[in-house]
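Input: a single structure, listed below in structure tokens.
Every chain is named by a letter (A, B, C and D) in the order it is written, and numbering of its residues begins at 1.
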Amino acid sequence: MSNIDRRTLVKGSLAAMMAGTAFSRAALAQSAEPILLGVSGPLTGPNAQYGAQWKQGFDLALDEIHAAGGINGRKLAYQFEDSQSDPRQSVAIAQKFVSDPRIVMELGDFSSPASMAASPIYQRGGLVQFGFTNSHPDFTKGGDFMWSTSVSQADEQPLLASYAVRRLGLKKLAVLHLNTDWGRTSRDHFVKAAKEYGAEIAVTEGYIAEERDFRSTLVRVRDASPDGLILISYYSDGALIARQARQVGLKQTICAASSVYSPKFLELGGEAVEDVHLGTRYFPQDPRPEVRKFIEGFKAKYNGQEPDAFNAYSYDAMNMAAAVVKIGGTDRRAIRDAFAKVKDVSSVIFGQATFDVESRRVKGAMNAELVVRKGQFTLWDGKPT
Amino acid sequence: MSSWFDYTINGLIIGNVYALVAVGLALIFGVSRLINFAQGSIYLVGAYIGWVAVVRLHTPLPLTIIVVAAAAALVGLVIERFGLRPLQNSVRIAPLLATIGISFVLDQLVMLTFSPNPRALPSQLPDVRFQLGGGTIGPLDLLIAGVGITSALLLFVFLRYSKLGWAVRAASQDRDAAMQMGVDVNRVNQAVFGIAAALGGVSGMLVGMYYNQIDTAMSLQATLKGVVAEVVGGAGNVPGAVIGSLLLGLVESYGVAVFGTSYRNLFAFLLLVVVLVLRPNGLFISPRQAPPEPLTGTFIAPSRPLRIPRWALAVAGAIFAVLPLFPVSFYVLQTLINAWLLGMLALSLTLVAGTMGQVSLGHAALLAIGAYTSALLSLTLNVPVGLAIIGGGLMSAALGTLLISPSFRLRGHYVSIATLAIGEIVALVILNWESVTRGPIGISGIPPLTLFGYDLISPSSVYWFSLAVMVVLALLQGRLLTSHLGRSFRAIRDDDIAARAYGLSLNRYKSLAFIFGGFAAGVSGGIAAHLYSYINHETFNTQQSILALTVVILGGLGNVVGAIVGSVALVGLPEVFRIAAEYRILIYGIVLLLLVRFRPQGLLGTI
Amino acid sequence: MEKQLHSMLSLRGLTRRFGGLTAVDTIDLDLAKGELISIIGPNGAGKTTLFNLVTGLDRPDAGTVSFEGQDITGLSPERLAAEGIARTFQLGRVFGNLSVMDNVLIGAHTRLRAVKPAVPVIGPLLELGLALLRPASVKAEEEQLREEVKAILARFGERLLPRIDQPAYSLSYANRRRVEIARALALKPRLLLLDEPTAGMNPTETAEMQGLVAELKAEGLTILLIEHKLEMVMRLSDRVIVMDEGKKIAEGPGEQVRTDPKVIEAYLGHGLSGTAEQESAA
Amino acid sequence: MTNSAPEALLTLSNVNTFYGPAQVHFDLSITVARGHIVCLLGGNASGKSTTMKIILGLVKPRSGEVTFDGASLIGLSTPQIVRRGIASVPEARRLFADMSVRENILMGAFVRNDRDAVAQDLDRMLTLFPKLGQRLSQRAGSLSGGEQQMVAMARALMSRPRMIVMDEPTMGLSPLYVDRVLELIRSINQAGVSVFMVEQNASLALEIAHEAYVLQTGKIVLSGPARALKDDPRIRDAYLGGSEAA
């Protein structure tokens, strides 16, 4: 530790630091210690639930990776630092990871402010920041060390729009979206696509994450007399909106973004989410082998608990990290380069994931059209609700 | 027409929900003159106890209510006995800070026990809906309204006709005189906390059932809305709190109706500021005459500050200045950079809250103004980063002072509440003013720090830069404090009436304090923007304001060195506790409580 | 009542109500330059409210206040301080955390010139700049004021000078009252309002204070005094005004007021003051 | 009233009190005999009000003993002391301003549980203070100073105390009320309640007191039977004012 620091201090230059990292890596390569990944994410604070879900996905993936012999015989491990999704803490964590030679790659952070504030440090420090939930369009523009498997909303939203407009035949839409960078970007892509498909956007309403009461918002929606409600929401707020929509007597078809896909959505929404349509990456009966393995493994490890989207993201992310480390070894630059080399990594979200080197994202997320029937996510049978 | 009816009904329904929290807050404020920031946490605890009762123990509703009320009351009693009673004779701000610390601890305990995942809390009432206007209401709406109104009525009857109720009222009006009538004031406090907590717990449970959802993030929101409703109605006034809550619900609902959903909270906080400006004591409390003589500061107690010799400061400064030359990790440097940035904010706040006595709870807004100004100047107008940061400081000084000026005529707690609201308003304007601030997308690609054409990107150079800026600001502030302005600020803090009688215009000097402090905060925000390269409306949030206030109180109000020491301590502590992972915020909360308990005048003392 | 040609302060029909209570009820008063008028009356008679109305801390519901021929009704206290009206407070309002020196320097606030340039609008910003830069003129002014403060404090003998750097909260009650008076003097007032300056003082201290007020009067200062200690009132006052329940019930030279049956009935009473008792008995 | 060494009801012996570093009382010793009116004279800040607070347990002395009816009061809370039979009329009345006059008076009976007797006592107060009858439902804060004093005294009597301590009961009252208050104190006393009063107005106090103490900056400088003190030239100098002129 002090080895690299002393060197960097003398010159204070980044090149020296990188050299130091490479140097110390050589010494480490021989050891039987696990290959260490850094994770920066929320374990406390308002987004703590997502950090907890990440852990579940990571641990499941690691079990499988180790069962399959690990990374060329070495184990893979992660060091989870709590950032509370706060940029001030994520930058400190970034420095910590960058200057810790054991860390070969970083995963996270959760929110865009926390992730993107840390990006310059990872970029300059030459450590990959693998932001697997960062859908902000500018995230990967932070530099060539920023990679993401978060589904681009430019890809996802047209699929949702197609589901709503073309398949369900909705013509006049009310869009409710989380007023965050994600929700806003998603809304814009959705609106654009929906219009292209010939739908009219009657009203769009952005709400803040802490909002729980949507009754007045839904009166606005009602007055716009749409024939469908589009929810660009997470599962907790999505469930709240669906419940309240039914309570105030809105009977229109509801169509939601894939981010509501979670058993919690069913639990929190109860009867109100019956017949809600949603796009998703996978579904419980999905015959794809990677999905079966994930769902069954998850249920077995976590007492029958159903996995949700964030579990899947983190599970995939850990698998992707393993694939990258297999190619890139433990050299930080080689790892960066390995992202461009990995091909067809088995993935719950993408089926087979391969990075687009230009955008440093993965294209071609799987999409299934689901509907909630009898309290279960089921593949839509094409019948109107 | 029918839509307006629906908006009205919806406003009243959500108003009822707010009332459940506001009534408890009002009851406590009435007796203790304390805004209980832990009320939302009790609400949270109630919701989870309700979950245990309903989902695990399958209790019927009446029993659920009794269980939740009893358990929450117990929590309230514990808070009163161990958290607040020991602070009875310390500075008035100490209990306020203690309630903040208690809320940290409670929220974390719930999170650790139940995991942060949201849970469904099924309603135990039959799901029948009654048509009302264009919408429907269900039995829970009626139950919540019933509980709100019934508890307000019961409280009214209790206060008016029971012996203990009389004791509560007597104690709230004159503690000493009540004691002289044989009233055991500690008992009264306990009773009040017990009742308020029972009410808070039951309301958390009912609201959880109402939304079929409970999670650990519900606490702060509940507190914020409850405080707004309570202050609008007139702090300490129970029926006022109910009416304030309904009014808040209506204003929010109509705000949504007219301007759209994302403006909702903007209207809530605007309502609060407008009410405070027009009727500084809330709608239902008659304006009081000037506070009785002698008045020695609202929050400030006399204390002997710890004098640190100049040479010691110089030595400490020198050690920190040469630190990057030694083998310390970049992580340590980055942590200290965070401390220096927080230090600038704390300098700003210790000037306005400590030296000037305007305890601001919305100081993060000044960071945000500085950060956005600097980011936009450098991005869209290509202003060199160094100048852009100064521009951010100036904008924060000017705009921040202008925005906070409505609070200049307020005193004590009301200043804190008004600034809290103003801080929220700034964040919401940033969210909604998309043409300038890019709304929720935020500003990315902010150029890194540069100085005279040199990029400051290595941690050491950023460290030196931020340290230097902070030291310069600290020295300037030290100089300010020794000038006639420092004297004038402190005079206004100690006794604004006497200060006015000697020609000190409150507007002028409060403005000057905010201009100087706003500059420091704006510079801090500006540096942060260039350091992070990306900011949005959530980067500078209420938690930052609370953290800054904690730093200032810990360091000692008005104490320049204390602000810096406090910043290092409060940035450092959570990092030190990092090994404790999920437990670190809990530990932090406990450390905070202990500090408040044993050193309420701050580590270095009030100046 | 004789008409004052050069009335420094005149009140006409001054009235202030609080709820149902009329604290100050149509009060007329004329105070000539150099004159000392005492206001006496039971607590709650409205004396302090009257002071608040004159110094701008409270606004009258009716009536006018004029100072040197100018209508100053409803002006802010800070404006009135700049006009040269200084006051002390009934129970004392010192700045607890400020040193004695700083307390008295606040009194000189309205006289700051070098550091408070009389430029409109940007004046406050210049004030901030000057406070930070502290050019020679500002330093000199501060130095000179500090000397003045010491001279003022010297009027109280050794009571305050040795405690010049102590925070006011550490002072005895009587010393806090002295600090208040010193602060008022530092304003170089044209009109001084003293609200019970000897409250809480023992006979020796009272005598000292009486001497000081007499000195100030001899120096030509115009003074309005609220005081309960009758002897002091009788010795110092040119005229005495007696208030009761907000109304002026008597006005005139001390001896005349003291023997006024209305005053004896409402304020002095029978057996309230040794002297009054004897005289009314006589 | 006889002077045959009546039994002591309340005693303070060698009490030393501090506020922070400042000493307020120096070896204060005071005795209130059963059935007597005892008055403590002194200027502002001489420590008079603190003496009252010590008796009521609102301020704890650093050393010394306070006994009431033979038992120590040290360490008891104010409510406990009130239950022992000491009622108070605090300085500046300290009514509960937003409560009604009736509620204020009944607050005085807070320590009692005999509802019927309390109701009777309320009626007795109204015969003692007839003017309050019409004001019962009014806010106490809206009363005049004299009326407030009546309420404060009625309130104190409602606990059926053995002793009442009063802090400047005549302060700021018009002479009409001063006379009335003095009459009342006398009649309360004649009904068997001992009175300890703190007063600045020496001539008034000495008129009705049996014994008096003079407190100056925390020390008792004079004490004795009121009649004797009334003629003491030192008292005349310090408190009766205008003696030189006379």
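The criterion applied here is as follows: contacts are C-beta pairs under 8 Å (C-beta built on N, C-alpha and C of every residue); 3 or more make two chains touch, one makes a residue touch a chain.
Just so it is clear, the structure is predicted and the values come from calculations on it, not from any experiment.
Centrality by Cα centroid goes to chain B.
Inter-chain contacts peak for the pair A-B, counting C-beta pairs in contact. For chain D, the chain whose average C-alpha position is most distant is A.
One finds 33 Å separating the Cα centroids of chain C and chain D. In terms of their C-alpha centroids, the spacing between chain A and chain D amounts to 75 Å.
Distance between chain A and chain C, defined via averaged C-alpha coordinates, is recorded as 72 Å. Among the residues of chain D, none is in touch with two or more other chains. Those residues of chain B that touch chain D in the complex are listed here as 163, 166-167, 169-170, 173-174, 176-184. Across the complex, chain A meets chain B through its residues 1-2, 5-6, 8-9, 12-14, 43-46, 48-49, 51-53, 80-82, 84, 86-89, 91-96, 98-100, 111-113, 116-121, 124-125, 136, 138, 141-142, 176, 179-181, 183-185, 205-208, 210-217, 219-220, 222-223, 236, 239-240, 243, 247-249, 264, 267-271. For chain B in complex with chain A, the touching residues are 3, 6-7, 10-11, 13-14, 17, 108, 111, 115-120, 122, 127, 129, 131, 134-136, 138, 211-213, 215-218, 220-221, 252-253, 256-257, 260-262, 264-265, 324-331, 333-335, 338, 341-342, 431, 439-442, 444-445, 448, 457-461, 528, 531-536, 538-539, 543, 571, 574-575, 578, 581-582, 584-585. Considering their complex, residues 18, 55-58, 76-78, 81-82, 86-87, 89-98, 102-103, 105-107, 109-110, 112, 115, 124-125, 127-128, 131-132, 134, 142, 167, 169-170, 183, 187 of chain C touch chain B.
Chain contact summary for the complex, chain B toward chain C: residues 289-290, 293-297, 300, 302, 476, 479-480, 483-485, 487-488, 490-491, 493-495, 497-505, 508, 511-512, 515-516, 606-607.
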